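In the part that follows, the structures are each spelled out as structure tokens.
There are two complexes below, and they share chain A, which is joined by chain B in the first and by chain C in the second.
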Partner chain A sequence: MPDLPADTPVDRLARATPPTLARKVRGLSDRTIAWIFVAPTILLLLAINIFPLIWTIRLSFTNFRANRPNEPVEWVGLRNYQRILTDPDIWQTMQATAHFLFWTLFFQVLIGFTLAWLINRKFRGNDLMTTLIVIPMMLSPAVVGNFWTFLYQPQIGLINYAVEFVTGIPASSFTMLGSVSLAPWAIVIVDTWMWTPFVMLICLAGLRSIPDYIYEAAEVDRASKWRQFWTMTIPMVLPFLMLAVLFRGIENFKMFDLVVLLTGGGPGDTTLLSSIELKREAFEKWRTGYSSAYAIILFVTVFGLASIYVKALNKVKER
Partner chain B sequence: MKARYLAATAALALVAGTSAKAEDLTLCWAAWDPANALVELSKDFEAQSGHKMNFEFVPWPNFADRMLNELNSGGKLCDLMIGDSQWIGAGAESGHYVKLNDFFDANGISMDAFVPATVTGYSEWPKGTPNYWSLPAFGDVVGWTYRKDWFERPELQAEFKEKYGRDLVAPATFAELKDIAEFFQGRDIDGKTVYGASIYTERGSEGITMGVMDVLYSFGFKYENPDKPYDMAGFVNSPGAVAGLEFYKSLYDCCTPPGMSNAYMGEGIDAYKSGQVAMQMNFAFTWPGFEVDPNVGGGKTGYLVNPAGPDGERFAQLGGQGISVVSYSEKQDAALEYIKWFAQPEVQAKWWSMGGFSCLRAVVEDPGFAASQPYAQTFLDSMAIVKDFWAEPSYATLLADSQKRFHDYVVAGQGTAQEALDGLVQDWTVTFEDEGKL
Partner chain C sequence: MRAFLTGLLSFRRGPWENLATVLIGLGVVMLMQPFALWAFTWSFVVTLTGTVMFIITSHFPE
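== the complex of A and B ==
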């Protein structure tokens, strides 16, 4: 047993000093310290995410109206949900949302991947080209909505004049944003123009992650370019592509600003997306209980679809 | 000594004439030309009262959203609110506005001194009862402007007479208005293609409802059974109302410029000032701006009361607002002081001279009023035939329903006019059932 040092005045002074916070913390377990660090974030999440969600669920079973806070609130059970799910106008907005979602994803993936594939080749001005292509996604949706409104204007807009130049159809004889048949495509075009670069960037990251030696080995095995593309490029980029679809899908499901600026949901209800209808119910008609139920239905839809999709994505990654 | 005494007395009188404490008052309104005129006018109040005026102006498309949110949340931003006429029911029943009856009585302000339609439209709730929640502040009504210089061209007059068998003059009926609109549609004037008319089609706020209602009233539309409140079947969707809605759609289809599928006040002003259209539906507040415009001012513009319907009935959609004291304000005394000042005849006369449409009878019934501006008589005649949209507390829901039904039919061409109005009766019935009024 080693000799213990003598009890010096300094030691006695140290023992008399109260333990510092650091010493106290030193006595806590790792798990407790971890909880202390995480607790503020969890509290914040509970306050701004979970509590409003629970509150919204509660409101969805009532007839509460936020513009009449002093009126008695009645419990209406599932009536709000029943009214929403049997309302043909709501299904019309779902249909408009599905049309917008499907075609924007289709075009953005198709064009985004093609652009990424072309940009991935080595050529002079490659970096400049990439920068130019990504400019639209850097713009504010308010700016994009406003200038596309001018581009679509039948009397002064460039789009109508371009169509006249190509097809001979008089520029002022048709209106992209005011026509029932053209307006749903007009918003698809603008969203595709704005967000294709985002898909392109993700695809480009995927393409650049494929090692060159794989292609070199395929060349040695005399695999055709076509075969290399379908059996090597596409499977290796697919997880990236699916990720881009997930991001864009969630974003476009809740699309609001761009479409409000372009068409305001019109003409009629042809471009009335679910999020626009939700805003109208909540903050124009002030049917808070009803709109809470609508919000919950949309949340469950997005959450359910995203969960299924993420599982599929994980399976693709595991292959 | 005597002089010093007099000076002290005068100072005391001045202090007693104003409130005990100088306040910072905030007045909330829409961002438009009349609001700018009110800023100038209010400088007199600042000088007289010692209070400082601040202003919160919101563009029309967001005005209702922004201000109703403010009121519903009990916000203290606005001490004075010049709110839209249809807000009066919610303002009164939800306790947003201070009831002004006692204040009016105490200060000798009589509602008889104001144009009756504006008192009913802007101040009373319930309608037709002497319960006042605002002072009529800005009279407004939907009317029409037309290119008088085009109408007076001999070659156009001759061609029109040959085609329609009558003179090319301001239309007296909606049928005549449509003939004229068709006549001008696609016509080349001074090397430029012009169009018949600009009408309201906007979907997002209240545009298409204001436009459609402006026509429907004269076709026999009524909101409810006069003998049974909230009984709408057969009134909202009466044969006359259906014919009126069909007329509005036919006017939109035949005679508006391309791209006017979401047009309201601003788009109408642009179309008219840029020389695109021969006629334009718009609120009267736009008229002073046309008089000073280099393209359409200086006698080129004529002003027209809403034309008559097929049975000779003639009504117009009321616009305009009253000024109210917000009940959440902590400066209500100073806010009431502003209303007292604003109600004075000389202030109202100055208000009119600056472009504000006064509702005070002493101003509009003055012998010189009709000749004071080229549009003054049209304004007076229009104000005599006004009707307003629902002013119920649930007006926002009722408005959202009509916006959808009208836009779906008129612009998107979905269904028939009969289906649109039948659907509107259903929507409004559900709203009133939810309100417990049915």
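== the complex of A and C ==
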């Protein structure tokens, strides 16, 4: 059967292309074509990520203030870094961040894994249960911050009345967000409530990836449930769990919105996390050079931690 | 220990990466510990050294 004359838009375009240009395009190697496709993304990445990073490093060695752009900028060398790293207030914010980071990760992994383990069993209403548990992580941090502020209210808040009901301590005798000792735990509770479902979902994916025949083989070998859990379930879910910890660790190191809405860094400086302090230095005190140095310190810390964590994750996956 | 030192001297990836990992971990602990201000002061130098070392040594041969 003879070929019909093609007349699609592409064919018309091909016929209209000057032969010299067509020859040129045809002469490009696969490598060059690949670079042509990748180049816009690389350029965008350089403009959005790499350039601001290099610019921040440069600013961290100056006394530049963004609210006084016309003032001469002085090169101050390592003075910004020296000031930050000898400042007891900054040290305090790092300790507050460490407290928040450690306990949120601890509770989220513990509760998230337990929930995933329970949800993984076959029971009626399993899907509905999963949907209900996942709701908190779908909410905006602004919404969560606002309604938890109401829940923590000493006069009208549900939390205080629940504590009174369980322990007998009068509801109006303590404030979760206003107390120096309770406020750091109050923000841990809210973050755990909001983000445990995320850890649960990742763990659930890990649990569902374990084939049933492994457990069946273990049953045949008369391995106890406890032994199956520690020698099969945990090692096979570990890469997923580590991934969840990596994501939540990085996110919580940068935690800002939720804590600002709940406590604003108070009472005193007890919940002043490093990102809140950084924002104050940069956009309230307008010490741009100083805050750039602070940002670089935080960046190097997160980058270093993420590097060793990814290395550990790869090792676990290789096993 | 001997294998570790030999690996270091022959610029093998494993021991150098381990050393960098220890430095990063130590730096982060120094940054966030509540006991000594001098440790906080030197934490960034330690973390930065570890991170740069990690980036370089991850290109060493296995």
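What we mean here is this: the second predicted complex is superposed on the first by the 297 of 319 C-alpha atoms of A that agree within 3 Å, B and C clash if a C-alpha of one lies under 4 Å from a C-alpha of the other, contacts with A are read in each partner's own complex, and residues count from 1 in each chain.
Methods note: contacts are C-beta pairs under 8 Å (C-beta built on N, C-alpha and C of every residue); 3 or more make two chains touch, one makes a residue touch a chain.
Remember, predicted model here, so these are calculated numbers, not experimental data.
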**Asked** Does chain C touch more residues of chain A than chain B does, or is it the other way round?
**Response** B
**Message:** Let me test your reading of the model: by the given contact rule, A:305 touches which partner, first (chain B), second (chain C), both or neither?
**Reply:** second
**Request:** May I ask you to decide whether A:58 touches chain B, chain C, both, or neither, giving the answer as first, second, both or neither?
**Result:** neither
**Asked** With the two structures laid over each other on chain A, which partner does A:97 touch: chain B (first), chain C (second), both, or neither?
**Response** second
**Request:** Classify the contacts of A:79 with the two partner chains as first (chain B alone), second (chain C alone), both, or neither.
**Result:** neither
**Message:** Under the definition above, what is the set of chain A residues touching chain B in their complex?
**Reply:** 63, 66-70, 89, 152-155, 172-175, 177-180, 260, 263-270, 280, 283-287
**Message:** So in the complex, the part of chain B that touches chain A is made up of which residues?
**Reply:** 65, 68-69, 72, 90, 94-95, 193, 202-204, 257-262, 276, 393, 396-397, 400, 404, 407-408, 411-414, 434
**Item:** Complex contact set, residues of chain C against chain A
**Value:** 17, 20-21, 24-25, 27-28, 31-34, 37, 40-44, 47-48, 50-51, 54-55
**Fill in**
Given the complex, residues on chain A that touch chain C span 81, 85-86, 88, 91, 94-95, 97-98, 297, 300-301, 303-305, 307-308, 311
